[in-house]
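Worksheet: the structure to be examined is printed underneath.
A, B, C and D are the chain letters, set down in written order, and residue numbers restart from 1 in every chain.
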Amino acid sequence: MKAAILGATGYTGMILLRLLSEHPEIDEIIAVSSSRAGKSIKEIDPGVYTAVKNKTKLTGGELLSVAEAAEMQPEVTFAALPHLESAKICAPFFEKSVVIDLSADFRIKDPLIFEKAYGQPPERQDLLNKAVYGLCEIYHDEIKTANLISNPGCYPTATMLPLIPVLKEFGVDGKIVVNALSGVSGAGKKAVFNNLFVERTENCGAYAPAKSHRHQPEIKKELDIALKSAGRNGDVNLFFTPHLVPLKRGMEITTIIDIPEETASRLSDEALDKLYTKYYEDSSFVAWDSGRLPQTRDVWGSNSCRIGWKIEGRSLMLFSVIDNLVKGASGQAVQNMNIRFGFKETAGLRVYGEL
Amino acid sequence: MKAAILGATGYTGMILLRLLSEHPEIDEIIAVSSSRAGKSIKEIDPGVYTAVKNKTKLTGGELLSVAEAAEMQPEVTFAALPHLESAKICAPFFEKSVVIDLSADFRIKDPLIFEKAYGQPPERQDLLNKAVYGLCEIYHDEIKTANLISNPGCYPTATMLPLIPVLKEFGVDGKIVVNALSGVSGAGKKAVFNNLFVERTENCGAYAPAKSHRHQPEIKKELDIALKSAGRNGDVNLFFTPHLVPLKRGMEITTIIDIPEETASRLSDEALDKLYTKYYEDSSFVAWDSGRLPQTRDVWGSNSCRIGWKIEGRSLMLFSVIDNLVKGASGQAVQNMNIRFGFKETAGLRVYGEL
Amino acid sequence: MKAAILGATGYTGMILLRLLSEHPEIDEIIAVSSSRAGKSIKEIDPGVYTAVKNKTKLTGGELLSVAEAAEMQPEVTFAALPHLESAKICAPFFEKSVVIDLSADFRIKDPLIFEKAYGQPPERQDLLNKAVYGLCEIYHDEIKTANLISNPGCYPTATMLPLIPVLKEFGVDGKIVVNALSGVSGAGKKAVFNNLFVERTENCGAYAPAKSHRHQPEIKKELDIALKSAGRNGDVNLFFTPHLVPLKRGMEITTIIDIPEETASRLSDEALDKLYTKYYEDSSFVAWDSGRLPQTRDVWGSNSCRIGWKIEGRSLMLFSVIDNLVKGASGQAVQNMNIRFGFKETAGLRVYGEL
Amino acid sequence: MKAAILGATGYTGMILLRLLSEHPEIDEIIAVSSSRAGKSIKEIDPGVYTAVKNKTKLTGGELLSVAEAAEMQPEVTFAALPHLESAKICAPFFEKSVVIDLSADFRIKDPLIFEKAYGQPPERQDLLNKAVYGLCEIYHDEIKTANLISNPGCYPTATMLPLIPVLKEFGVDGKIVVNALSGVSGAGKKAVFNNLFVERTENCGAYAPAKSHRHQPEIKKELDIALKSAGRNGDVNLFFTPHLVPLKRGMEITTIIDIPEETASRLSDEALDKLYTKYYEDSSFVAWDSGRLPQTRDVWGSNSCRIGWKIEGRSLMLFSVIDNLVKGASGQAVQNMNIRFGFKETAGLRVYGEL
C-alpha cells in the first residue's frame, strides 16, 4: 500500500516517516514538502532515509510537491500541515485517498465554534459532516468506514481518554479543572524566540489559561457529546490550562472533577478499575493503575496512554500521560489507518516508553 | 555579625553560603556539617570558598561540628537541616542566637496536625508558640522581635503569597485547587534513584496528590488563619497536587478559586491590582501583572515572587513563580534575618531572575 | 528461543528487555535480578511489562534469581552486570548457554593489563582465550561460532569503528587524541551524588583524562591489534579523555590522528569514502558522510554508528556518534546474538535515531 | 557615571543590564535597541526592570535609538551588537565615550586575516591600531588607558587564559589540539531552527572543526603574539574544534599541547602551580587546581575562569571553564570598564558559580 505524508519535514511528519518505515503493510512512502520539494529525505535526516530507503523506490527518497504526490494516487494520505492550511492543501486527495488530517481543520463540526476558536470559518464546510473524529478508542466503529479522519490534538486525546468513561458513568457536578503539562515539540517546528533552547530550558509556566486556549473548544465539544450520549443534561464547564515544561516530548494531564451526589456512592477504586476495563479492555494502548501515578517517561516514543487516579470524597483526580508526537499526533494517525484498513491495530506502533 | 549555617553542604546550605558571602552586614560565616566536619568549604565548592574566604577567618574555611559552632556564639543561626532532626540539633543555639529554621519542625503549632503530617509529635512542643512563621510579607511585624523563626516551605510560600490577600478580601466558595510544578532541587540533595538525572530529564508527573502531600497541612493551616483573621467562617478545602518537572530550580503554582456570590461583583483586574498594591506595595520581592503570566525564569536565582491571574466569571485563576531554593528557602531565610535585625530588607538578595 | 537477562533492572538490562520484546526470534525472556528477585517487571516499568507479557509466560513476568534462571536453560544469556562481578555470576551459564557479557570481565586477554585497569586479576582466566571480542563489524566471523562473547564498552565501540580502518590503511604518526562526550546513563543506574539531576543538568566537564580512564587499555589493545594485523610496527599512543555532558543517552567521539608521510599522499575524502565502503558496505549499522558531521540525535535509540571526518594536511579528524545504551551496550549485544545464531543481523534493532 | 548598552535586548545585552544594575559606580543606564526602540525594558524582562528602575531615571526605562543614546553622552558604551555591524553602529560614540565592543570587529588587527575569517574587510581600519584587546588578565596595563576596547570572544578567553602562560614559559612542539564544549547561548539570540529546544536538547555534536571556525584566527593570532613575546620562533599550529552541548550557559575547553624537549624537564605540577601564581596571583577571577578538573557549574553566572591540568610525559592537557555570557562576554566587558576607569576590578561581578 502507498502512503503519502504531506508536511513530511515537520515534527509530526518526521515521526510518521519513522513509524511507517517499520509498518508491515506500507510498501511505499511518498514524502511531500511544499517548501523543500526536490530535496532528499537524506538531507533532512540520514538515519531516517536509511530506514525508508526500501519504501521510497518510486521517488528515490525525494520530497515531492503536493501535485506530484497526488498523481501517485496513494491509498492513504496523512496531512501533517498547519491549521487553516490543511483542508485547502488536501483538496486533490479527498476523492481517491483516505485522508487522515492531523490539523484542526475538521475537528469541530459547528462552523460558529470553529470560527470563534480559529478566527475564520472552516475552509471545507461541505466535508465537515463526512469527517470522523479519530479518537480511536472512542470512535472505533465510525473510523472503520471513514474516508476523512480528523486526528485529535494531543491535549484533547490525553484529557479525554480518562475523562469520557467517567463522565458517562458518573456525570459531573460543577466545573472540570484540567491542568496540562506539555513538551516543547507540541508547538511544532517553528523558528520563533519562544521555542529556543535558551528560552525553554530551566523554565516553565502557564499560557492561554482557563478558556482561552484554542483547543479548549475541541475538548469541550467532545465532552458535551459524551455527556449527552449517556443521557445526561447540561454543558461541560471546562477550565483547561496548559503549561510549557522543558521536555522535548511528553504530555501530562491532571484533572479534577466532582461527581454528583446521586452517583458518588458508586465511586471507588474498584469501580474505576471496572469502568476502564469495560471501555479499554480491548485496547492495546490504554492502560490504568489505581495505585500508581503515571509519568511521561512511561510512554515516551510509544502510542500508549497511561491513566492513574485519586479519590478524595466526591472529588476525583485523574492523571494521564501520552507522548504528544505519537498518541497525541502521528501514532494515533497510524492507529487510525490500521483501524480503517483492517490492519492489526498495533501494527507499526510501540506500547512501551523509551528509557 | 556572625552567622552560623547548620547543614552547610546541602542545597539550601550552599545557597545560604553564597547569599551571605555578598551580605553587607555579615562579617563572619560559621559553616557547620555533621557529616563533613573538619573538611574545608574549598573541597565542596572552590568558587564559593573564594567568595567567603574573607568571611571565614575564624574557622579558616573549615566545616565545624555543631558543638564547635555553638561555642562561637553566632548572633544568628540558619538551620538547613532535615525535618524531624532540626529541632533537636538546634538545641544549643536557642538561648543565645536568633534561630531561623528552614525545616518543618516549627511550622505547625498544633501537635496533632503535626503528627498527622510527619508521623511523630513535634520534638520541641515547648518552643512551638514562641516560633514565628517567617512568611515575610505576611508576618513582617511579628518577625521583627522573634528569636525563633520558622521559615516556610517553598510550596506554601509560592501558593500563599497570591492567595492570602484574595482569601481575606473576597473569601472562598467551595474548594481551592492548587497544581504545583517543582524543580528537582526541591527534593534536597539525596542520592536516591528518583533524583537521578536519567530518571528526571525528559520526564514529568504528579505525586502525592489532593490531600496526601506532607506540606498540604502547612498551607491549609495558614489559609484558615487568613480566612478567620478576615472574619470569615469555615475551613479551607484545599486540593494541593505537586508535579516534578525537569528543572534544576524553579516553582510554578496554578491555583483556581471560586469567589462567593456576595463578593464576586467586586472581582476585576483593577480590584486585584489594587488589592496586591495594598498588601505588597512596600515589598521589593512581590510583583504582579494582570496582563502577563509569570514564568519560572523570571525569578531564577532571585528572592522574588511574581504573580499573574485570569478571571473567568466567579472563578479566579492565580499564577505564581518563585525560585524554590531562594524565596522558597534560603533567600527568605536571609530576608527574615534582615527584618529581624533591622537591616535593609533587600540586603544580599536579588530581585531579578538570571537569563 | 529462550533468552535470559542477568541484571534486568539496570539501564542496559531494561533496554535489552525492550529490544527483545520486538525481536522476532525470541519467544521467551527470563528476566533476572539478584536484588529484586520475586518482584514483577510490572513494578519496574508497566509499559515494558505489557510489551514482554507474551514472552514471559514461563515466569509470569516475575524476576528470577540467578539459580532459578539457570535451571530454565536459556539458549542465550545476556549478562548486564557490574565489572568484576559478571564473570562470577555467569558461572552457571557458561556450559549450556551462549553468554554475551556486557561487562569488562572478558574484554582484555592479558591478565596484567586487566589487573592494571581494574585493580585485580581477571576472575576467569581459563575462559579469557575462549571469549571473542564482540565488536560486530570487525569480528563478524569469529562471533559466528563463539560461545562467550565479550560485548565492547560504549567508548571503545564509538572510538574504534571509524579509527580501525584508518589505522590499517594509513598507519599512524605520533599520538592519537580522542575526546569523548558521554551522556549520564553511561555511568549506570547508581544512586550516587555525581549522577543526580541537580549535579548534571547545566553542567559539563572532563574526567579521568589522558591515560587514566579505565577503559583506555581496552581501546589501546584493540588498536594495537589492528595496527599489527596490517603489518605495521609500533604501539598506539592513545590519549583518551571522556567528558560528561547533560544528555540522558548519547555519545560523541572526536579523534585527531596524524597520517605518516609515506601514506599521507593517498589521504582524501574520496579515499576515506572508499575505505569505509570496503569495511562497512555490508553493515546496516555503520554509516558515513564526508560532508556532514554527525550529531548524537542522529542515532538516539538506534544501533547505528555515524561517522564524519575532516582532513587538514596530514591530520585527520574523525567524528562518530552512537547511542551509548544501544550500539554501545544492549543493541550491540543483540546484534552479537543475531550474528551468532544466524538471524537477520538487523532483527529487533533500529537504524534511525528518534526525533 | 552613565553607561550605554547598544543591543540591550540580546543575551549579552540583557546580562550587561543585570550586571550594571548591581554595579556601585554606575548611576545611569541607557539601554539601546534599534529594533525595539520606544518599548520599555519592563516588556522585555519585568524583574530586570525592577533592578534597573533607579538607574534608568533619565529614560524612564525606555529603550532608545542609537541617535538618542549618543545625545546623552555616556562615559562608557558597551556594544553588544552583531559582528560586521558593530563598528558601523558605534560611530557616534568613538569620540566622546570609552567604547567596549563585544563583537569581533576590532579583534584582528591584520585586515587580510580579518577578511579571510569574516568575508569582508574590517569596517574601521583607521581604528584598528587604537583598539586594545580586552583579555583583562593579559592586557591589564594597556586597558587602563584604552578608549576602544575589543572584548574577546568566549572561545578565545577560555582557551588562552590557561594556555598563554604555558606557551610563554615552555614553548610548544607540534600542533595544539583544542576541543571546546559550548552552551547554546553562545550562538546568540537568533530564531533559527538550529537553536530550537527540540533540536538541541538530548543532542550534541562538533561543528566547524580543525581550522574552519571563524574565531580560530583570533585565537591563533594571540597565541602567536604570546610565543613571539617570549622570544620563541615559529607559528602556532592550532586545531580548534567546537562542540555544541545542551547547556544554556557554560563553556569547557580541553587542550593538549606537547612541550619541547628542551623545556620538558621543567614541566611538573609544582611548576605549573608556580607559573599560574606568577601570572594570576593578583587576579580575582582566574583560579587553578592541580588535583581537580573544573566543571562548568563551578563558574555558572560568575566572571571566573577555573583551570585544571594533567601531565603525561611531555604532553600537557589543560582544562578550563567559563560562563560564556559572563567571563566570555558581558562580565569581561564590565571587568574591562573597571580596569579602564580605575574601579575595584571585581565591582559588580561574582566569583562563585550558581548551584
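Throughout what follows, a contact is a pair of C-beta atoms (placed from the backbone, for glycine too) under 8 Å apart; a residue touches a chain by one contact, two chains touch by 3 or more.
Bear in mind that the values here come from a model prediction, so they are computed numbers and not experimental data.
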item: Other chains in touch with both subunit A and subunit D; value: B, C
item: Which of B-D and C-D has more C-beta contact pairs; value: C-D
item: Chain centre separation (subunit B, subunit C; CA means) in Å; value: 46
item: CA centroid of subunit C to CA centroid of subunit D, Å; value: 39
item: Whole-Å separation of chain centres (CA-atom averages), subunit B against subunit D; value: 37
item: Residues of subunit C whose C-beta touches two or more other chains; value: 11, 185, 198-199, 201-202, 246, 248-249, 355
item: Of subunit D, residues touching subunit A in the complex; value: 11, 184-185, 189, 191-193, 195-202, 246, 248
item: Touch list for subunit C against partner subunit A, complex; value: 11, 14-15, 18, 21-22, 45-48, 50-51, 185, 201-202, 248-249, 284, 287, 289, 292, 298-299, 301-302, 304, 306, 325, 350-355
item: Contact set on subunit A toward subunit B in their complex; value: 174-175, 177, 179, 181, 198-199, 202-207, 209-212, 239, 241, 243, 245-250, 252, 254, 256, 293-297, 300, 310, 312, 315, 317, 319, 321, 355
